[in-house]
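Both complexes shown next keep subunit A, but they swap its partner, so subunit B is in the first and subunit C is in the second.
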Partner chain A sequence: MNRSIKAAFDWRGLVLPLAAFALWWLISALHLVKSGLLVSPVDVAHTAWQQAKSGALLRALSASLAREASGFLLGSAAGLLLGAALGFSRIARRVIGPTFDTFKQISLFAWIPLISVWFGLGDVAKVVFLSLAALLPVAAHTCDGIHAVPPRYVEVARAFRYSRLQMARYVILPAALPSIFTGIYLALIYSWLATLGAEYLLVAGSGIGNTLIDGSEQFRMDLVLFGIIVVGLTGWVLSALARGVERRVLARRPRASRERAVA
Partner chain B sequence: MTTTVTEGIRIRGVSKRYGQQNDDGGTLLVLDDISLDIAPGEFVSVVGASGCGKSTLLRLIAGLDTDYRGEISVDGERVRDTSLERGIVFQDHRLFPWLTASQNILAALRNAPLKPKQKRDAVAEHVALVGLEGFEDAYPHQLSGGMAQRVAIARGLVNRPRVLLLDEPFGALDALTRARLQNELQRIWERERITMMLVTHDVDEAIYLGDRVVTMAPRPGRVKRIAPVDLSRPRERSDPRFVQLRERILADFSEEPARDGNDAPGGGHHTSARQEPPVTEWRLAW
Partner chain C sequence: MVNDVRGLWPTPGLRATSDNYASETAGHARRRLRTLAWYLAPWLLPAVLYTLWSVGCSRGWIAPQILPPPQQVYETLRDLATSGDLVRNTAISLQRVLVGFGVGTLAGLAIGAALGLSRTVEAYLLPSFNALVQIPVLGWLPFLLLLVGVGEPLKYILIAHAALVPVTLSTMQGVRNAPAALDEVARGFGYSPWQRILRVVLPAAVPTLATGVRLAFTKAWLALVVVELVASSEGLGYLIVYGRQLFQLDLVMASVVIVGAIGFAINWLLDALEARLRRGQPSAFRE
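Here is the complex of A and B:
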């Protein structure tokens, strides 16, 4: 366990970003490229400061995160229910299974036209889209996790006369937990990616995606780069949070069952 | 006689097939007309080569599989399902990896008619019985194979069953640990005075522990010989009578080498079919 905590932060991971940053700095400081397409780090830092000071950053980021959170929560909850239904119930698997498997194959972005017609371009439409993004991985991994419960555990529970409900609660759910966590982890990442997609394609309101659009429309590369950095850092923080929670919850599992969760 | 015969385990004409009428009636007879009586408090060992159906027989007695012909009853009651009266210990300890040792034992008591305090006491008592004090809060992956199997034995006993069924419980352990656990099991059996049925492929182990040794022959699985072990406990493996009995039982196996050898292509996957019993079919269907 000590090893995995130590491995959580490895300074070597910073080499590449720092090198890229140095190169960027060098190119703009030496004026190697004379073009509005490449702005200097100083400009970006300046824009960052202005965005932060004026409250624009906070507004955009909180609007995006609020969407991300509500879409993620709604979608994950629905995904858990759907996945559990598919995993536990033979009838649900027969009835919903084939449709769900087909549904999975449709690119998320193919739903955008339909969503925009039904729900407009506002927050409702965006949250619906994000929920979809979160629902799929959670449902799929929950269902798979339940199916992958080793029959030998089920047999043990039968020997101790567990009812169906006890079996589900005390054997199948805990055994499927690592897989369910993988689904939730992916849902968090996917819904953050989809947040940007939604803000970009369903253009209305504010958000980090809109900051990017503004930057590109006004040809302000400093604003675009600033937006990209914020998006990347936010995604990194979300992912680290999810991993932290997962590690805490599954800390007592043996390596083998935890690896399944990461895979 | 009519009253005493209902005591203990009574197995009458039990046959079991795998693979229900598939294709051209290609079902596999794994148990053929098994009859055996086990007295209350008796320790019976069942030995046989892999594929002889000895584990299947144990599963039938446990009530994990009720699809068979013939009759199995325990203390006069027909086996129709699993029961807390019949504990079972598997070769792979099958502890839940997300529970500690004591939680695993407690999990066996979930449907026991006891108060929480009584359950806790029962768990503590059985942890002590298998000598695992100090390891109550360890997770299965932190335990050695021998310790995990002790927990599994405690779990099998904690409901105070009348019968404990042991399916090659020491098969995966190293020789030293195995010998130690055999002694422990004997001590527990002498103390608890419950009926035990041990399935093993280790003739030595069967003789060392059993009041009687049942030898099974494979394909189809049937009882070949029932040998009483008239040696006082604890037994000496070097005792001439022990050695003699071992020779005799081992001779039973070598008598039909052709059957095992000539059974080429089919034999292999029949044994693997035995490893995957129809539990896989068991799902929460509603």
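Here is the complex of A and C:
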């Protein structure tokens, strides 16, 4: 694709959202549909302003994000370790691999009732669940990444008599990094999804998921729509962040490895 | 993915038999033992876990309220099977997931193909699609709950939505992956647009499509469990919640086992289908 075309803003993408928004506004302004569920955009904006002003938004969002962060960090760290073990050790792969694969098949949310019995409904249970959500993709992609290292690279490194550590540092890690990042990126998204799920199913405390439930229980569509917008925006920011970090780290990679190869 | 890796592992069975002519030495016996260990290794972890679980329960290390003994879970499974509850709830869950997955996949194929084939459609639709995709299934749940209530449509819509996203994205990707050179040849031979879609674009898109459909099924199954956990009065997810409410952990675990087993079985089936589809591919498209 031509860069100049890509850089220019494409107004056509705005047609559909603007049309939908105009339609929504029109229907609610003209009272075409008699239903308490059809709230006007003004109502949603008003709710948003109220939530922001009263601090409810900040409280809910920070509670959710704190959970997301701790679950994501714990889960990814454990996932990296597990994935590295599975990727490097043939024995670990043979012993743990099949059990891990089977475990992966069980729908994540099915664990929530058991987790709630074992860890209660509080933050501990939620973080355990989130870590689980983050662990699976990181472990799977780390293992895959280590496996996908081209055998030629390993052969060359062997010929140069690289030590195990050098092999891991200079050959396997750079080659596996894109796949590992995919895993981490997925983990970030999954754990955000799981944050919502945990708040939905382990109803205790505050969080953006609780805001959604409150809206749903009180038949307040304005609150629900506001919650959905916040959830969508947060997800978008998280994935944009992850993609930014990924691009930065990976952009340096090919040049660095070329230099090393020459040196 | 891990399945692919298996081919890379040395196959000790072959190594052990390849020196058949060697006499039955101690080394040979040791190698045989190692082969045996290699084949038994995957069962080691499950066996250890199961033993811990069962011994822990029978010795009273673990309270049955926290983790019911395996015996009890097994009996609950049998009761569920004989009373017909299992068949009924599984049938409902399967029906939901199949309808939702089917509708979502078809819609995803249509939208994805439109996005992939036409730059104009892409320019109008893709930004909105990308924005809506940011909102997870669980975000839509309260919205739809208010809009359509707790009926079957809620489940179908959410499951279809979960399946639609990956199918749309992979269809779009797959359609774009059609090799430009082949398309030019097809044009040169005066293929009609339909012929080009059927003969050039579709074969090239099949592998990506298959991956998308597989992912869609996983997502649909996940969405089903979530929806049934939150808002349902029947189905496998409901069995889990019901067991949790009554503190019947044996029922919870039995249901989790069934959910896992069905997910596993269908994934395996799709795996086999995908492998078949790929084998049928002319190698020119593989690259």
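Quick note on the criterion: the second predicted complex is superposed on the first by the 232 of 263 C-alpha atoms of A that agree within 3 Å, B and C clash if a C-alpha of one lies under 4 Å from a C-alpha of the other, contacts with A are read in each partner's own complex, and residues count from 1 in each chain.
The rule is short, and it goes like this: contacts are C-beta pairs under 8 Å (C-beta built on N, C-alpha and C of every residue); 3 or more make two chains touch, one makes a residue touch a chain.
Please read these numbers as outputs of a predicted model, since none were measured by experiment.
Peer 1: Just subunit B (first), just subunit C (second), both, or neither: which does A:R59 touch?
Peer 2: neither
Peer 1: In the overlaid three-chain picture, which partner chain does A:D144 touch, first (subunit B) or second (subunit C), both, or neither?
Peer 2: second
Peer 1: Examine A:R247 and indicate which partner it touches, taking first as subunit B and second as subunit C; both and neither are also allowed.
Peer 2: neither
Peer 1: Tell me the contact category for A:I106 with respect to subunit B and subunit C: first, second, both or neither.
Peer 2: second
Peer 1: Is subunit A touched at more residues by subunit B or by subunit C?
Peer 2: Answer, by number of touched residues of subunit A: C.
Peer 1: Could you say whether A:H46 touches subunit B, subunit C, both of them, or neither, answering first, second, both or neither?
Peer 2: In the superposition, A:H46 contacts neither subunit B nor subunit C.
Peer 1: So, does A:R90 touch the first partner subunit B, the second partner subunit C, both, or neither?
Peer 2: both
Peer 1: Taking the stated contact definition, name every residue in subunit A that is touched by subunit B in one complex and by subunit C in the other, in rising order.
Peer 2: Residues common to the subunit A contacts of subunit C and of subunit B are 90-91, listed in rising order.
Peer 1: Mind listing the subunit C positions that touch subunit A in their complex?
Peer 2: Where subunit C meets subunit A, its residues are 1-2, 5, 8-9, 38, 41-42, 44-46, 49, 65-66, 120, 123-128, 131-132, 134-143, 145-147, 221-222, 224-226, 229-230, 237, 240-241, 243-244, 247, 249, 252-253, 255-256, 259-260, 263-264, 267.
Peer 1: For subunit A, which residues count as touching subunit B in their complex?
Peer 2: 88-91, 151-156, 158-164, 166-168, 170-172, 174-175, 177, 252-257
Peer 1: Mind listing the subunit B positions that touch subunit A in their complex?
Peer 2: So the residues of subunit B in touch with subunit A come to 62, 64, 82-84, 86-88, 90, 92, 94, 96-98, 107-108, 110-111, 139-141, 159, 279-280, 282-286.
Peer 1: Can you list the residues on subunit A that touch subunit C in the complex?
Peer 2: Going by the criterion above, the answer is residues 10, 12-17, 20, 37, 90-91, 93-99, 101-102, 105-114, 116-118, 140, 143-144, 147, 192-193, 196-197, 200-201, 209, 212-213, 215-216, 219, 221, 224-225, 227-228, 231-233, 235-236, 239.
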